[in-house]
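Next up: some structures, all given as structure tokens.
First chain A sits with chain B, and in the next complex the same chain sits with chain C.
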Partner chain A sequence: MAKIITNNKRINIPELLIRGVMYAILLAIAAVTLFPVVYSLLGGFKTTQELMTSSSLIPKSFSFENYVYVWDRVNFGRYTFNSLVVTVAVVLVQMLMSTMTAYAFSRRDFRFKKIIRMMYISVLFIHAGTATLYPKYQLIVDMGINKNFLGLIFAESAAPITAILLVEGYLAGISKSFDEAAKIDGCSFVKTFTHIIFPMMLPVICVNALLAFRSVWNAYLMPMIITAGNDKLQLLSVAIVELKSGGAGMATNWAAILAAVNISIVPVVLVYIICNKQFISGVSAGGVKG
Partner chain B sequence: MDITLQEKTKRKRKLTPGEWFEEYGSTLLFIVPTFIMFLLLTVYPILWVYKYMFYDYDGITKATFTGFDNLVRAFTRDPDWWQSVLVTFKIAFLKLIIEIPLATLTAVIINEPRIKGKGLFRGVYFLPTVTSAAVMSVVFSFIFSPYNGILNSILMNLGIINSSIDFLGNPTSALVCCTVISVWQIFGQNTLLILSALQGISQDVYESAEIDGAGRFKCFLHISVPLMMPTFRIILMLAIIGSLGVFDSVYVLTAGGPQGATTTMAVAMYMRLFGEGIPEYGYTAALSAIYSVISGLLTIIYLTISKKTSEIY
Partner chain C sequence: MKGILKKTAMLLALALSASMMTACGSSGSQNGEKVEIRIVTSERSKMDLYQSAADKFNEENDKNIQVVFDFKADNIGELIKTGYTSNNAPDIHGGMGSAMDNLAKKSGWYREVPEETVAAWKEQHGANSVTFTGDKIYSLKTVSTMEGNNGYKFLWNKTLFAEAGLDPETPPKTWAEVREFAKKITEVGAGKKYGYVMPFKDAIFTRYYIIIPGATSGIYNADGFEPTQGKYDFSIYAPMIEVYRQMIADGSVFPSPYTIDNDTARAQFAEGNIGMICAAGWDVDVFNDQFPVKDEWGITEYPVIEEFAGGYPYGVGSGTSYYMSNQSAHPEEQLEVYTWFMTLIEDEEIRAAKKGHEEFSTFKYPIAKSDGAKTPTGILKIEGEDSWTMLKNLILSDGDIKEGLQAISDSYNAALERARQDGENVDSYIHPDYSFYADSEEELAAQAEQLAKEEAASAE
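Up next, the complex of A and B:
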């Protein structure tokens, strides 16, 4: 024992050095990771001229001019509203789909259960490529919902397979005696779900809702295809990219574009900071398994 | 015995609508809506691709069955497509050899017991994964811009370069830029997964190794690495499959240019579906099917090599 202690004392200086190097690596990577986000957050307060000429990251003055400009003049109020509506609707729909399916899978035995479950899992491994965008788009046009919110909501509301599997795993840990007790007390299947089991599932629902929120809020490709040429329906992500590549005269207004970028990333970053634990547990659980 | 008999008679008796709903209808209600969405948005598009790969179809005139013509064309007369396959693999390869070591390095350091602020570092590294690839690529296009782009001014201030570089105008550097964005966005997720695998290893194993006189590096090589292997394989597989589908960042940053140097398979297919010119839905479906087979084959090869199918469901 005494030997180990002296040993520890002797390696004290190299130990400090190693620790210093470790912190240096971590900090350097953290700086590179944060740079684009910080650059955008601070750049949104600068004027375009300051953005292009000043080498300082911190703006001379914090002016909200760019935000006022994109919010009022480039219609970003509208786009933010669109993104909010679509995201909230899709998250709700997907939470309903995942919890109901998982509940039936875990508590009921029915014909085709095994087959349906297998189909759900097997598509996680099938990637049919980008051409699948066209039949999806055509389907939405044929249904006549490509000119309103329904089309966008429908397009993003694919069956949430990973969420279903996560909820199913969670339900396996909730004893069936809760269901049986509820049944004896006269609760129907639906009522047991809504009043007894649903509240117990809230932790896993929160995790799934966060992951769904992230993916819908950030969705770009399908919303871009659906809203092409339909400015009023555009979501934030689509409108921002269009602002960069598009409108005459607007292309050079970098500061305004950064302000628009911030309107899109600040909500999701805030939610992430608040719900950091849930996000991380969701990715650790869902990432490896799907 | 008595109970089962009762059950049987109960089942044979005709159910009232209420009983029927409780017994069967409620299950249907819980299963069917999701299943319909699954059929419409997941199964139908996949079947569409595998059907129309055998057709000549432009969306206006009637589709005509052409057998294997599309596939023959893709394999014999379409160097552009194979160029995009190559580009995709280049990006995927470059991304993997940066991302996996980077994620492993950060995870191992964060896992060190003597390092403080674990949660903070993990949180920072994971932050990019919650932002939108498309939106952040807009920011990156400013950073990489040749005219007053911040990266150019930093490099010039440091005296590394004399005149500004057009990062996105040169085929090689454009490819690297696309990779950098992908790595930036996703490595934190892998840090997280590797970290949770590391934390799953019991501390006792390290302690007994230390008593046996193993150093820190030896511990890592002979304990951490083998025990992490299953998770590591899955991460690698997901990273490969994920890299094949890269679209948002590339499309926003370079739109596939310059001269197709960053046109990934996904971008190439998108251009043929929704780009300028007469769309060739049938032919694109064939390309999509080829993509599907490539990614399927990689998955199968991977699962066979790692023989860890049981780790995933």
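Up next, the complex of A and C:
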């Protein structure tokens, strides 16, 4: 096996080649993954005409006209506010529901626990999909909450089973002696959860919150149906697609859509940057049973 | 400190709850002050016109009516349908597509325009200013449709013509010339510029590139339906398909008819990379505002297929039809807003300043009649591909044209028969004496005479 010795270090040439090939593959994957993001970022500065006729990725001139158009003329400031209110509210509700459910499953024995848990897990394998859209919407209309944020929050608030399982996995790593010590000190089941265990779950809550934030922020179908009757309630994800409409025969303003997409990415990126550390530790801790 | 934080948190929670409950959902109608009438439209390009008109109307009307516009995308039909099924439809909205409009009319979702409103509208705008569905009227024609630039025309790039050694002021008069000119432009274009474009990514554009241009050559029927016989016959379009195949074989069509959509086609024409393109009235706005054309360009009538010469350009309103919902809580205000909305049109000065406005608004020949009410396609349940897709596939393949067109006719006639068996009133679409070009030979002659006089007068 060929080896080169430089400054007392041995360089293994085949290993170097393998490493080189690996880096090349990883770079190619990174380029493919990042291309749409770069295309969108740069495309937001072009005109639609340039976007559709030029093969160059770099704009001829950097213009903020599309950003001004979507923010000012199409009222994206309002839609961003709507999305923030709904997303934050849904994330809070989902976090509360997922942690409480997981804590009950993990720490308490109760009647039909296995059956209920099985029902939760079965949702992973049975996807009702769009079949639930209309009944859900009708329920929201019947409840009279389709003309305010409550309808949107209600529609998106069900915590996904994956969030519950992740918390359960994390709880398995927290010793039950904490619960027992709290009980000896006079804490009730609920108080043990709220005062002792909940604060200890911060990393996994961050993970779930980030996933939930991304999911609700990007939710489209149900918000589109609910806000179809009320433009003022519209969320960013829906408003971006609505931009596709130019009117009879008019061209779609793709450059404005890209600018809108770029605006919509910012909050998710910010949340990820803030939660990044907790996210990594939460994923690794929640993924293994202690 | 802890207390202050708790109080602040409480206040924030209260404010958030209040905004959730009321901030965005409130409308004047709930507090008894304003009656909100909601108009849902996909015409985002007219946002400025509609919004400023609404602001003025909201300020000036004495009935406390508040007009609110919602601009929706291509999914407008599904959204409105969902609204109807949950008793939450907008007061006024654009059409949902012929199939869904038929469902809506059958289901009683649309409100008929009251007789007195129809009479007043006809008196003001003429007998053809309303749209009939059978013997009922659910929609008035917008003034924008009636007075705007609503024709279909053929555009050519004068600069590319000159570069190819062609006379830039002489557009092609026949499709054989289109083929010849396209070849020359492509040869000079060195792989960057092409003579013609076929934006068939969306198959419906076969309508704008085959059926409507065909009318100029007198080979038009109602999107394949022949109302005099009460059946579909696509065979008349064979010459158009033949010439398109020849152009593709010549390599003088912008690549590729399979993948290029109309937005890209128009952007490439504006950029100076396409010599000739089919266009509609709405393209006046596109080529002036959205994609300003960089080269010199001209507007002319569609070319003809020589042996079919003698037809007339087909003109049809390109505006959107608007309907009133039967579910509105304020029918009186709804009607008032509806008649106001139908009159909205861009300022004449702004329209006249746009290149192409005049050409798209006037015709050299008598205009074929609108066919909207004459085709039963909206009530059909087609098995397999629709006619646009089948036409597109026929152009882009080398299959037998006659057999291919017969297959489309057979598919649609079978669907027509199924509709008849399902109880649809198919016979109401049969009009043995119908003519697309004029109600009578006398009318046609009178129109031709009038146009000839106008032409002679303008020549003098």
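To be clear about the criterion, the second predicted complex is superposed on the first by the 212 of 290 C-alpha atoms of A that agree within 3 Å, B and C clash if a C-alpha of one lies under 4 Å from a C-alpha of the other, contacts with A are read in each partner's own complex, and residues count from 1 in each chain.
Following the convention adopted for this analysis, a contact is a pair of C-beta atoms (placed from the backbone, for glycine too) under 8 Å apart; a residue touches a chain by one contact, two chains touch by 3 or more.
If you're wondering where the values come from, they're calculated on a predicted model, not measured in any experiment.
By the touch criterion stated above, A:49 is placed in contact with chain C alone, chain B being left untouched. In the superposition on chain A, contact of A:186 is made with neither chain B nor chain C. Using the contact criterion defined above for the overlaid structures, shared-chain residue A:120 touches chain B, although it does not reach chain C. Once the two complexes are overlaid on the shared chain, A:237 sits against chain B while remaining clear of chain C.
When the two complexes are overlaid, the chain among chain B and chain C that reaches more residues of chain A is B.
When the shared chain is aligned, chain C comes close enough to touch A:153, but chain B does not. Of the two partner chains placed around the shared chain by superposition, neither chain B nor chain C is touched by A:14. Look at A:199: by the touch rule set out above, it reaches neither chain B nor chain C. Legend: residue contacts after superposition of the two complexes on their common chain; A:73 is shown touching chain C, with no touch to chain B. Comparing which residues of chain A touch chain B with which touch chain C, the overlap comprises 52-53, 134, 138, 225, 228, 241, 244, 254. Taken together, the chain C residues at the contact with chain A in this complex read 16, 19-25, 27, 38, 40-47, 68-76, 79-80, 82-83, 85-88, 90, 262-264, 266-268, 270-271, 273, 280-283, 285-286, 290-292, 318-320. Interface residues of chain B, counted against chain A in their complex, comprise 22, 24, 26-27, 29-31, 33-35, 37-38, 40-46, 48-50, 52, 59, 102, 105-106, 109-110, 112, 114-115, 119, 121-143, 147-148, 150, 153-154, 157, 184, 188-189, 192-193, 196, 231, 234-235, 238, 241, 244-245, 247-248, 252, 265-266, 269-270, 273-274, 281, 284-285, 287-289, 291-292, 295-296, 299, 311-313.
Those residues of chain A lying in contact with chain B across their complex are 19, 22-23, 25-26, 29-30, 32-34, 36-37, 39-40, 43, 51-53, 55, 97-98, 100-101, 103-104, 108, 110, 116, 119-121, 123, 125-136, 138-139, 154-155, 157-159, 164-165, 188-190, 193, 214, 217-218, 220-221, 225, 228, 236-238, 240-241, 244, 254, 257-258, 261, 264-265, 268-269, 271-273, 276, 279-280, 283-284, 287-290. Per the touch definition, chain A reaches chain C in the complex via residues 48-49, 52-53, 73, 82, 85, 89, 134, 137-138, 141, 146-150, 153, 224-225, 228-233, 241-254.
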